[in-house]
Structure formats: structure tokens, C-alpha cells
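Order of writing sets the chain letters: A, B, C, D, E and F. Residues in each chain are counted from 1.
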Amino acid sequence: MDINVKQVRKNAFRVTKTRGITASRIRIPGGHLDADLLPVIQRIAQEYGDGSIHLTVRQGVEIPGIRYEDMPQVNQLLQPLIDRMGINQEEPGTGYSSAGTRNISACIGNRVCPYGCYDTTAFAQRIEKAIFPHDLHFKIALTGCPNDCAKVRLHDFGIIGMTLPQYEKDRCVDCRACVKACAKKSVDALRTVNYKVERNHEKCIGCGECVINCPTRAWTRSQEQYYRLVLFGRTGKRNPRLAVDFIKWVDEESILKIIKNTYAYVQAHIDPNAPGGKEHIGYIVDRTGVQEYLKWALQDVNLPDCAEVSSPLYWSGLHY
Amino acid sequence: MGYRLSTDAMNQVLAELGKQYAIYAPKCYPGGNTFSEVDCIRYGEVHTVEEIETERKSDYSFKELLLPFSETLFFFTENTIQEASVIEKDMVIFLRSCDLHAVRRLDEIYLRNGLPDFYYQRLREKVQFVLIGCPAAFDSCFCVDMGTNRSDNYDAAFELRGGQVYMAARHPQWEALLRQYGEPVEGFAPSYVTETPTRVSIPADLSPAVAKSTVWDEYDKRCIGCGRCNYACPTCTCFTMQDIYYTDNAKAGERRRVAASCMVDGFTDVAGGGSYRKKHGERMRFKVLHKVYDFKQRNGYQMCVGCGRCDDVCPEYISFSAILNKLEEAMQEVRGDGQQ
Amino acid sequence: MTVSNEYLSHWAEIREVIPHTAIEYTFRMAYQGAVQPGQFFQVSIPKYGEAPISVSGIGEGTIDLTIRRVGRVTNEVFERYAGERLFLRGPYGIGFDVELYRGREVVIVAGGTGVSPVRPVIEHFYWHPELGRKVSLIAGFKSREDILFAEDFTRWQEQMDVILTVDNNNGDPDLRQGLVTEYIPALAIADPARAAAIVVGPPAMMRFSIQALLRRGIAEENIWVSYERKMCCGIGKCGHCKIDDVYVCLDGPVFNYTRAKDLAD
Amino acid sequence: MDINVKQVRKNAFRVTKTRGITASRIRIPGGHLDADLLPVIQRIAQEYGDGSIHLTVRQGVEIPGIRYEDMPQVNQLLQPLIDRMGINQEEPGTGYSSAGTRNISACIGNRVCPYGCYDTTAFAQRIEKAIFPHDLHFKIALTGCPNDCAKVRLHDFGIIGMTLPQYEKDRCVDCRACVKACAKKSVDALRTVNYKVERNHEKCIGCGECVINCPTRAWTRSQEQYYRLVLFGRTGKRNPRLAVDFIKWVDEESILKIIKNTYAYVQAHIDPNAPGGKEHIGYIVDRTGVQEYLKWALQDVNLPDCAEVSSPLYWSGLHY
Amino acid sequence: MGYRLSTDAMNQVLAELGKQYAIYAPKCYPGGNTFSEVDCIRYGEVHTVEEIETERKSDYSFKELLLPFSETLFFFTENTIQEASVIEKDMVIFLRSCDLHAVRRLDEIYLRNGLPDFYYQRLREKVQFVLIGCPAAFDSCFCVDMGTNRSDNYDAAFELRGGQVYMAARHPQWEALLRQYGEPVEGFAPSYVTETPTRVSIPADLSPAVAKSTVWDEYDKRCIGCGRCNYACPTCTCFTMQDIYYTDNAKAGERRRVAASCMVDGFTDVAGGGSYRKKHGERMRFKVLHKVYDFKQRNGYQMCVGCGRCDDVCPEYISFSAILNKLEEAMQEVRGDGQQ
Amino acid sequence: MTVSNEYLSHWAEIREVIPHTAIEYTFRMAYQGAVQPGQFFQVSIPKYGEAPISVSGIGEGTIDLTIRRVGRVTNEVFERYAGERLFLRGPYGIGFDVELYRGREVVIVAGGTGVSPVRPVIEHFYWHPELGRKVSLIAGFKSREDILFAEDFTRWQEQMDVILTVDNNNGDPDLRQGLVTEYIPALAIADPARAAAIVVGPPAMMRFSIQALLRRGIAEENIWVSYERKMCCGIGKCGHCKIDDVYVCLDGPVFNYTRAKDLAD
């Protein structure tokens, strides 16, 4: 069996622990798919795999138990998934064109969740379109609100939905539902002054608890959807760490641009001898300095006026 | 006499009316609801037919036009009191039959129950009502059972049928306008609902004794006491006074009243820390009996108009109509009927 | 049709401030007009708020308002001195009709600030003993420090059966000890069937006192109670005082027990 | 529509942002399932949902667009999933008996991944069996190795697989593959002394890179599978934070017992007025003190001799 | 003469043999492989038939018994040198035909290529080989094409057939044992493979010129230079010397030799920092030609025995047999045949 | 059959230590036995290791081992002084057969430490000029400081054409400048067809020098080279020195170019 494992990996198959056996990794940006695609997955699993599937922690589907020889057939069968999910592809019928940039993760977002501040899946798909295929090992995750169910703070780019609460004073009846909710469930950014509510904008994390708990629509959501962009969280053996806040109240366009800029930055600075071509961006930033990164990241980015850029950026976490 | 108008023509009518009136109707506020990218339908000033939301029920009623959620009564300076002024224009309010029935309830309390309310009355006198024809009930509506499905005491009637506007007016000046912009239609009468997906029946022998039923206990846990049902209700009219001095200059200030809810903590607080109906089930009982018993005892007809907004707005999916339908069993329980 | 703005208050001069406890003062206000015992005024200080206060005394050209310092408005009221002014509107509600008690034995049971609304009734019979037959007064307070109208009680004792009780009298011979209900069974009532009773105080105290009075043979229709609610409007609008189909501000605060007994909060 | 939303939630349906519409949340402990169950999911999505599914960030499946009225029918249809996944259930045909304790997450583990130190899915299923159904809001995640692809450090219990490398000196040929791999990809815990390798046990994180890179089987895996148990990481609005290391080189039985002990601890100490009955364990520990927690957690736990318990425990993270 | 034995009987034979011999055979080391819960099959001492792994190919060969991965040659003290002693018992090694052929290659190098190797020879003389009958080839085997599928120069032959042991012995003492514990079977001969799933063909005109082919370039990227192919190969015999002084007492120490790999960095290092074959493709070319050209040039027969272990063990899934099959094309390329 | 243990070394006394550069010394060892120029010994210090070292001089009862301090063993060797001992085994391999050069013009091109293995050949013709015809020596070093056997060069110049070149002579008139290959074209060779050449040094230097010599008309079969490999065993076992089908330790280190030219590393 002569297999170019680098090509196998690039083609989104895995080199498994079992000799001769691979696994197919299906991208599902944002985790959402039409149920009529399930038979496609089932067929691959049953005809070429071991009949089981694994829903991955990045919300892809991994089909184990596939023989390397069967990769071309599996790639053929994957095509409807690739087409329907709108995955950029170099050549139809050849499966995924890259695997370095991981499936873009997202909580279920505002399609379903009451807390979600935006359509996480749609934004995930938009990012996917903009950056995939790419061999660089980027992990991007989106979460609908500061509850961060998607745990984006352990990804390279964590995108946290926010709403800028709009307060219509004349609809407020001083029931204090917002104030209590903010204190109990969020960051205690609301105070009652003269029976009306004052929001501490610096403290506010844009979670929308005030809106959710307001019985009169005195609090409503901003038409604009905002985000907190957090950077370079990671797990891993040496220094697992939380992402740090980069920009609060940032917009979708800026995030897209910053991500693309970061690809350029990493391509320019990655250690060419990194094992498996993987070097976590965090280590690259350690080497170049944060300022160099920021120079690249913010190039040609037009931040909204309300955006708050954190500076300087410090990461900590555990060190082994 | 009815009239048919194109939407363009109707917009001209609205423009004409707009000279004298501020025109309010249910309106879509995109993304204006609690959850992200969910619209809110509530009352706002409109200038065109297109702005009038006729497909969806308004989440909040017209009530807030007559009894704003927050209304300044007086302005104070060091030594003077200045009554807040009323809006200058007259007002046209588009509403459905249930809501038009609700107007009577508001009037009952604010014009007749004790002394008349100065602020309500001065507004009320400025209002003309346009009935929105209501061809089909929404899921939670139970106006037919509450007898509020039909109204005749409108100043005008309005209905969209097949992209065209149908109007009828009792107001003579308006009639003239319609004649000018529309064409007469024989026998136009606004649609009204004759059956509703939700049905309610209120026991004939309903009495305060039902308070002792265990039916209310469920709501101790389910109800979160948020007051949405009250704020959305077109007949809930309670308020609380607030006096403030301005942050910018404590010598000036104002007295306001804001909508109050019998479901929310603090409603029954008395001086010194006491309060009544601490349990949410008790509040629910109070509210329900208010709507379908107490008011009737006092005024001879039911307060609840069956609009179903309280059901629609409850974040805990507590259904008011479902409670009404439990009352028979609750009465049996307190009468000692049934199983025992 | 233009209606008058009932929410408008009017300045009234503070004639005298009579402290009872650290947080309870009586403000004697200049006032002209008819007032019934048990009625209430909406007392306010612009920019601080308005609060319903029972009339605790009716004088010549004055009314007494006994105010407990418990919040924003009353805090501010306590900053006012004789010669200064408060805003008033009222009187509102239905009070005690003293004519109903003419020539009858009257038992008055009051707890804490519940003494305020009944004080004008007591005073009425104190100053017009000829109109009554016999007044028995049981008043309960938490402690000696909480007693309102202490001097009045001393005075009233001259003419009436007065039982002044506190939770713990610490051996003070002037005071009884325990709940007001404990003193009802032993009360000297010559003709319970015709006797009238007035009960005002916290809900539990009222409930048990009424039970005790009924056991003494006092008829339901001869018992009156007064309800405390935090009215915002005083005119049947704001809803805070509604109990069942009753608006306390319009239909009370004073209710005959035959009506009150069915009211469920 | 009269819906007891507490029961809805307990029954693993969601109160969504859309009025009248719920979503069914399918538990898939460890993320692994047989592909022949996919038609069950598809059928629910197509007959009762909106035809789409969401693979959740906890590796469950969420089927959106279901009407509340249809919950009983959906529960009936869910039965094969519940049966085949071996989910403890109070009454067949009634769906899930609880939802507080979340689906147990796991990376694909040693069934497939070369780095995996144990069968994550099997352990996940074992934990599931031991603790579900339970209303307490516990999040448990397992990851096969210290790479922590499952990002367990943002869960209440993070279980990180480890192997205790066994060194057969006589098979070592001093190729230094292990030393280089450990330095480059792990924690640099290996040193060459006299052409043989010395492992710094205190530093070693048990990732197995030495074993994986050894060409002669001088390094092999321990028969015993060990774990690092990390505690009380969380996302959320107020204080997202990484889990802290609790016990290194701990065994499966001890972990199970500690988790069960923690349930007892939380039941005894949770704020009865916590919004939605949810109070993150971390806040409870803040209140009771770590020592009180440890007293409960370690009750009747027989740690292996090699287990290293960290003390004291400090969490940090971001504060809003 | 062949014998059939029950496994119990065979275990008694092994017990008897165990008095004189340490018996080595492929053995399953549960979880002993690189990845979690993957078994490793390699040589170890066995005492029962059940311990002998006959179903799976051993990941590592018998080689390490004769040429341990790490072998102490001398012990040193301050002034003395002490030759390491040899194991006391004689040795029986169970192996398949391919490996038995490999023994010849080891002998070729260690007994004949230059001076004989003292350490190898003294071990080698103690060894008896038991051929394991090989009824079917594994996926990566290509012994038939390498001519190593059949061996007759065994001391005994062993095969499990239907749960029973079949043995044949050339060693007279063993024959006696078999006669004692087993029953004679006519015509037993150990199975051997006659076809393999993997086929190889080596160009007849293969020459060092093939070094210039571009075929090797692929391995610059694919090969990671880990040496597994060498360590697993039954015919790779390179070693490196190591001298150490003990950590506990630097006055004592030892000289060892450890297996070396021509694929691993450092193999060609010379004093002063120079080295040869830096590119992994060059190393691959060197290894391949060593196995299927150089050795044959020197000794008249191919070194590679076609066991396929190098294919099985490569973490990068580089197939040695696939390379062999590319040699024809590579030769065409350097000859200038084919496309141009 | 018992074989002797070829890996066993034997003590040999250091007679003299001759420093050349900071890191290159010649150790003159007591040694009895036949040695060929170009052969090598395995030199070791127990517990430190063993290294193959070419013979750089053959004396009466001595051999010279010129050692560069580059690693564990050689570091340790440098700690040894005259009178102390090193372990030796060997000689191994096939060296230069000086008989082949008898009466011929000999061109020797050596680079760096490549001078060591050819030194015995040079010495042979230096001490026995009657056996040769003419020896031309081109030796290249990095710099003046790297020159080995500097005094020998001075001595050899008496009899031979010696070109000593360094990368940069910094104006030193005793030294040439540039690569050894640059001096091959101008070399005076009377009869290239019969001349013999010896080339020893780094791979690239050897490759280009041979090309230059071939261009001068020296026949392939008259060129000899010596290969440097790090043998561990010296006896065809350890594999480190294998090139194609050749074991440098057995078949070399000295090869005729006709054999060497096909060897590919």
C-alpha cells in the first residue's frame, strides 16, 4: 500500500491508528445541514466505512473505517455534500481540496436560540467561502452570544455575537427585570437612575439579557449586529490558553478582512520547519511581536466608529 | 356606504387625514422584538397603507397610545407645577374589533370608575377609531367566545382585500374624502371572525371561591412574574407613580405614571415592607378573576376581550385561555364535585 | 368636556410636627373641609413622590397625618418642619361612619400604625362621650419604643378601657404583654350582639382578632375593618388597591366585615 | 398554546426564538453513532422539523422547526436513538428524561486517532450511564490526549487521556526521534543521557509523542490508561476561564466517583434561587471554598498511587 | 517424518526443549504498538504454543535476537576491559521462510563480509531455527517474487492446522521428542506461499545509473527519515557504537552497539560536520539499491527477502515494493527511453 | 568455531604529541606491524568512544595519527599526553600502494585534513626520491591557521613542487591563494599519460580536482582517491561506510578512480 499521506490529509482524510484504514472528514460549516443529505453520509459509512459515524467536536462528520483504496469512490459520493454545503472545491469529484483550515464551528445561533445575536451558520458559511480551501491550520469558531456555548475562546478566531441594546426610555416601566437579569446572569452593567435604566457601555458585553427580559420592548436590539473578536485561544500540550479580547463592537466585514489578513501574516512568518507544517499562530506572534501582527491584521480594515480595540494584548493560560 | 380604493388612493386619503390627525396603526418594527431578527408588531405612526401591518397580530395593543407606558403628568420647578401638555394633533387609531371592545374597558375605568382621569380623557377625546376588518382569527384568538369579534362603534372601517383597500366611514368629512379618492362599493362591511381556533368557556357559577382551587399552584412554578401579559393586554390599565428630580438640576423634576403589572414584584407593596399575593399562582388567580369575574361583577360585562396577546407574549408559554378552560374543573374542585 | 385634573395637589402648611418614635411623626396640617375618620390623603412632595396617608386626627382647620419614615417620599417629608408645606390631595375613600356606633359599645382593636386611622374615631368618642356607650381599646405595638400616641393613650385611659400591649413589656407595669388577640376573650362587653367592633392592623392580626371577636358573639355586620394599600391614584385608576371586585380607594379603606370577609388578596 | 416550558426543557426540547416552535436535542454521548440511525434523525427532521439539522457543538444533533404539539410524536420516533445509544430513560416513548446534564462530549479518541490514549466514546458512554438523567447543569468532556481537540478545559469536568510511557532501554537506538518530538511538539520532558533517554516525570504530560515517534518500540504505552482530570472550566458572560488541573495520572474509576460526588456536592450547595436552576459549580465552590468541595469530591475515592493531586486550586480567566 | 501433536503435547515438547533452549517466537504484546490499544507482534520468549502468534505477521523480525537493538560489547573499569558474556542457553527461533532466508543475509554480512563478527557468531552458533509453515501471504508480502517463499534449511518445521500442531524435525534429539509426544504423519511438509497479493519486478538491467532518476524526488517530501523500515527489516544490520561512562561512577562504563538506520539523520556524519545523502530521497535510493542491487552485486543474490515489513511499518505509507515496481520506469528515464 | 573478537583494541603508548593547529594534533603512537599509507586505525578511549583515524605517518615502531578535535572521543584524546595511552585496533582497509607510483610523475592534490592520509606517500617519496620521478603537491587549507604539517611542507619544498594555497593569503608571500583546482592547469607534468595522481579531500574539492586532472590528460586509471567515512567497525559490518556495493572500510578507503567514479553517495 503506497499512500501519500500528505495528500490524504490535504484531501480531508485522516491517517488513523489502524493500518490501511482512513476516515473521511466532512466539512459542515456552522454545523447546519439539510436532513436529506444524511443518506449520503449513511451510504458512505455503510458502503465504505465501518457503518458508524462520529460527529466531531468541530461539528463535522467523520466517517471511520474507510480503506485508503476507496478514497476516490468516497470522494465521488461526497460531492453532493460539497455542492450543497457550498464548499469551494478545486475539481468536482475529488473531495475536499484542503484540510488545514478546519471546519468552521458555530453554535446554533439565532436561527433557533433565543440568546443568539446573529445567524452564526450564515456567517460561518460566509467565512468558509472567503478562506477555504487553505492548508494553514486555522481554527475559527462563532458563537451567537457571550454565553459562548461554542467555546470560541479556545480557537484562533473567536467570534462572539453582541447586540447594542437600544433603550426607549418612554417604554420603560421600571420593572427592573433588565437590571436584575444583568446583575444575576450577566455583568451587572445596568443601574436604575430616576426609575429609568442607565447602561454602563464600557462594562456592557452586548449579551442582550436586558432585551430578552424586557416586558415592554423598552430594550430592543440594534439593527446592526456587532461582535467581539477574540484571538488565538488554543488547547494543546504546551500552553493551553484563552483567547484575548481584540476588538469589541466590531462588524462582520472587518472580521472577514482581519481573518484574511491573518492568513497573509502567517504565510509570511510561519516557521518553514514546523512539524507537519503546523505552527500555532500564537507562537508566530510570540516571535514577531504583537505589534507586527497588528500591523498586518488591521491593514485596510475600516473599523466602525464604535469599535474598541484592546491594546496591548496579553495571553496567559497554563504552561507545561 | 363603502368605498374601494387603490393603495395609492388610500395613501392620498391618509395624506389628507394626516393634516389633522396623527395616524396610528399596527406596524412592523423589523428585528424589534425580543429575539434577534424577529419583528415586533406594535403601534406606531403610519403615513401609508403599506406601513399598516394587517397580516400579523400586533404584539402590543393600541392601549399605549391612550395610556403610554410612561407618561409625564407634571413638570416641577422649585415652586411651580406645570401640567404636561397633550399632543397637538388629533389621533386616528387603526384597530381590530377586539381592541375596539377594549376601548370600552379603558373608558370604563378611566372615565367612570371613580373620578375621571384627566390625562386619559383629554387624549381620548382626540381619538377616532378605524376598525380593521378581521377575516380570520389567529391561533390564540378567542374573541368570539368573549363576544368581542364584532364592533359597530367605529368611526371608519378598513380592510385590505386582494390588494385593494375597502373603507367605510361614519365620520362625514372622511366620507367626503373617500368619495373623492375611491369608488363606492355596495354593501361593504368589515369582515369579522365567526370562529376561532382557541375556544374558552367560563363557568356560569364562577365565584371568588375558585381562589381556593389548587389549579393556581401550577403557576407558582411556571409563572416568572414578568408582567408581559399585562403590558400586552389591551385592557390592563394599572399604573404606578414616579417622582423624580432631574440629574442635571435637582431643583426641577417631574411626576410620571408608568404602566404597572399585578404580576410583577412590588405591585402590592405597602409602606413598611408588607405585600400581598407573593406567590405567582395568587397573582395569576388575581389577574384571571379580574379579567373574567371581578370586572364583570362591577361593570356588568367581561373585561377580557379575547385578543390572546397574553398567550402570545408569555415567555413561559402560559396560556390565559387554557386557564379559563380549567376554571370549570377548578370550580368543581372547590364545590367538592367530582372525584373525592 | 373638560374634567378637572384630580392628580393636582395643593400646598398645605405644616402646623405642628409631633414625633412619636424615631421614624413616626404626626404632621398636623392646615386643612379646611370635610374629612371622615379612616379616609386618606395623597401626600406628596414634588420630585420625591406621593403616598397615601390615613387621617389620624381631625381638628379645627387641621388634620393630622401620622407618617412612618419608610421610603423616598416619607424620608423627604421628615425633612420638613412646622411652617413648611406638603402637597395634599384628598380626602379619598370611605371612612368610619361614627354615626353607626352612636350609643353602642365599641371595641377597637388596633395594631401598630393601624392605630392612626382609628384615632379619629377614638377621639370622637373621647370628646363626645355622650354619643357612645363604652369604648374598649386594645392596641398592640412591637415594643415600648414603637408606641404611637403614647400621651393619647394615657389620656384615653381616663374614659375608656384601654389595653396597651407590647411583645415583651420587660416588667413595665403600664404595659401588657402579648398579642392583642389574647385580650379579647376577657374584654368586658355587656351586649355583644349590639356591640360594634373596629379592627385595623396587619393582615394576620386582623384575621385573628376578628375570629376572637366573633367568638365573643359580636356579629359580622357589626365589625368594621380598614385596609392598607399603596394607592397611587386614590381614584380607582391605578389598580394597586384592588381586591377582588373592590377598589379599596373607592370602596374602602373601611369595609364592613360582611363585605370584607369574602375579599381575598 | 399552553406549554410547560420547564418540562419541555427537561424533556430535551428547546424553547426557541420562534413562537410555537421547538427543537429536539438528541444526545449522542461521545459523538459516535451507527449510520443506520441517521434515517431516524432524517425522518424527524423532515416529518416534524423544517428539514434541516444542526450538529451541535456538544456533538448532539438538534432538529429545529418542530411544533410543540408534535413533541409526543417526536419522542416516539426518538426511541430507537435512545435505545441504541443506551441512554437511561424513565419511560420508553417519552423521549429524554432530563436535559440539565449535557451530552457528554468527546473527541474521536483511540478508535480512530493515532494520538488518542483511550476509547473516549466508551468512557463517555460509561459516564452517561452513571449520571444521566440528571437535571443539574453539568458539562463533561473527554479528550483522547493532551492536544485536547475536544477543548475540555472549558467544561466542568475535562478528562484528558494520558499514557505513562514505558521505556525499554535495550530497544533504544538513540535515534532521538522521541527527544526531538517531545521538544518540538510537547513539553520537552526528555533528555538524552549516555545515549539513552531520561524522562522527566514531573514535566511529562503523558501525550505519547515519544511512543508515536519511536521507531523500535523502545517506548510503548502503559497497559493502564491514565487521565488528567481538570475542573470547572467554563465559558459564559462573567468569567470565562480555563479548567485547572486537579489530578494527574488518575484512573477511570476515580473520575467516575469524583463526578458522582460532585453531583452530591452541588445538590447540597446550589443556590436554590439560581436563575433557571443553573448555577455554575465554580460559583458554588467560590461560596463554599475549595476545601469543602474537595472534601466532597474525594470522599471514598481510592486514587492510584501514582496520582498527583494539585493543591491548592486557583482559577483565573477573564473577568467582565 | 512429520508428526501431529495436540497443543498440550506440543507444550510438553516445548517444556522439554526449554530445559536446553530459550525458545523465541513471534508473540503478541497487547497494546504494545505505537498507537493506543494496538497490539505489537514481535519476538519474545515463549513457553507454550498459544503464545506463538501465527495469524499475524510480526512487526519486527527475529533479527533482534541475533543483533539486539542495543548490545553491550565490553564493560570497562578504570583499566580493564571485560567482554560482555553471551546468553547461557541455546536458542530456538520460530520464523517463516522469508526470515529464514534473511538469516543467510545476516550470516553473509556478519560471518563473511570482511572479518567475522565475534558477537554475532557466538550467538549464531547457539541457534536452531524452526520454520513456521506459511499457508498464505499477507497483503504486503512479496516473497515469491524475491524467491524466499520456500526454505528447506530449517532445523524443524512447525505448523498449526485445524488446532493441531504439525512438526517435522531434522534435529535428531527433537525427532525423538516428537516421536514421544506426537503421532507420525506421512508426508508432512510445511506450507509455503506460492502467490502474493503484492508483486514486484526488478529490472534486469538495473544499475546505479538509476540514481539519476527523478523517481527518488518524491521521497524527499514523503519520507520522514525515521528508520522504521530499517529497524523492522530482517536484513538491515547496520549499527553504531556508543561508549559511555556510568552516571553512578564515571570510572566504569561500557561500549555498546545499537542498530543504526541509513534513513536517519547522522548515519553518514563524518568528523567535522560533513555528511552524505542529506535528502531523504537519496537515502531511499541508497536503501533500495542496497536491498535489490548492491548486495547482489557483492554476494550474488538479493538482500531483500520480500517480507513487506518495511511497508507495514512506514508511518508515511511509503511502500518499498511500490518503489521496486517504479524502477523499470526509472531506468527508462535514465536510459532516455520513453517519452522525451 | 571460535573467532577472535576483532572489536577488542589494544593499548598503545603515545610517544609524542605534535600540535598543528588549536584543534589538530598529531599523536605519534608506539606501533609494531605492517601499515600501508591510507589505511586507518580505530582509535579509542574506553567509555568515550572510538573513531577511525587515517595513518598520517609511518615511522620506525611508530605510526602518526593526526586527529582533529571534533567530538567526544577526540576531545578526550586531546586530554592525553605523551606517555599516556590510547586504544587502537587496525590497521584496516586498503591504502595507497606506493609501488604503483614507482618511477612515475605523481601529482598529489589534498585539501584540509585530506593531507593526513597522503602524508605517508609524500614522505615515502621524500625519503626515497630514487623511487619516484617527480612529485607535485598541491595542498589547500582554509587559512594559514589551518595548515597541517607546516614544517613538513617547508621540508618537502626542498625536493618537490609544492603549492600551498589558502582561501585568502593576506599577502603572505609563502602562500598561494584560491582553490587547489586553480593550480592544476599550470602544473608542470611532463608525461600526463603515464603520470599518477592522488586526490584526497572534501567531496567537492575531489570532484573538481579530478576533472581538472582529467583535462590535463591524466588517465582515469592513474588517479587514486581516498574516501572519508565514519566507520564504526572497520570490518564491513556496521554499514556506515557503504557506498553502492562497496564498503569503504574493506574495499577502500583508497580507490582507483575507475572504481570510484561510479560510486554515488
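Assume a residue touches a chain if its C-beta (ideal position, glycine included) is under 8 Å from a C-beta of that chain, and two chains touch if they have at least 3 such contacts.
These numbers come from a predicted model, not from an experiment.
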Components of the contact graph without chain E come out as A, B, C, D | F
Label-sorted list of chains bordering both chain B and chain C is none
Using the contact definition given at the top, which chains are in touch with both chain C and chain D? B
Chain B and chain D have mean C-alpha positions lying a whole-number Å distance apart equal to 50
Approximately how many whole Å separate the CA-defined centres of chain E and chain F? 38
Starting from the mean Cα coordinates of chain D and chain E, work out the distance between those two points in Å. 44
Counting in whole Å, what is the centre-to-centre distance of chain C and chain E, each centre being its mean C-alpha position? 108
By the touch definition above, chain B meets two or more other chains at residues 34-36, 240, 242, 244-245, 260
I need the residues of chain F touching at least two other chains; which ones are they? none
Flagged in chain D as touching 2+ other chains are 15, 17-18, 110, 114, 116
On the basis of the stated criterion, which chains touch which? Give every pair. A-B, A-D, A-E, B-C, B-D, D-E, E-F
Note which residues of chain E are touching chain F in the complex, please. 73-74, 76, 81, 83, 109-110, 113-119, 121-122, 125, 208, 211, 237-245, 250, 252-255, 257, 260, 262, 267-274, 276-277, 282, 286, 289-290, 293-295, 297-298
Chain A contacts chain D in the complex at 14-18, 23, 28, 31-36, 38-39, 41-42, 45-46, 49, 51-57, 59-64, 105-108, 110-114, 116, 121, 143, 146-154, 181, 184-187, 203, 205, 207, 235-238, 240-242, 245, 275, 316-318, 320
Parts of chain C lying in touch with chain B, wherever the complex brings them together: 1-9, 44-51, 68, 70-74, 113, 202-203, 228-230, 232-233, 235-240, 242, 244-245, 247, 249-250, 262, 264-265
Under the definition above, what is the set of chain E residues touching chain D in their complex? 29-37, 40, 42, 59-60, 64, 68-70, 226-228, 231, 240, 242, 244-247, 256, 258-261, 264
Please output the residues of chain B touching chain D within their complex, sorted ascending. 34-36, 38, 139-140, 221-222, 311-312, 315-319, 322
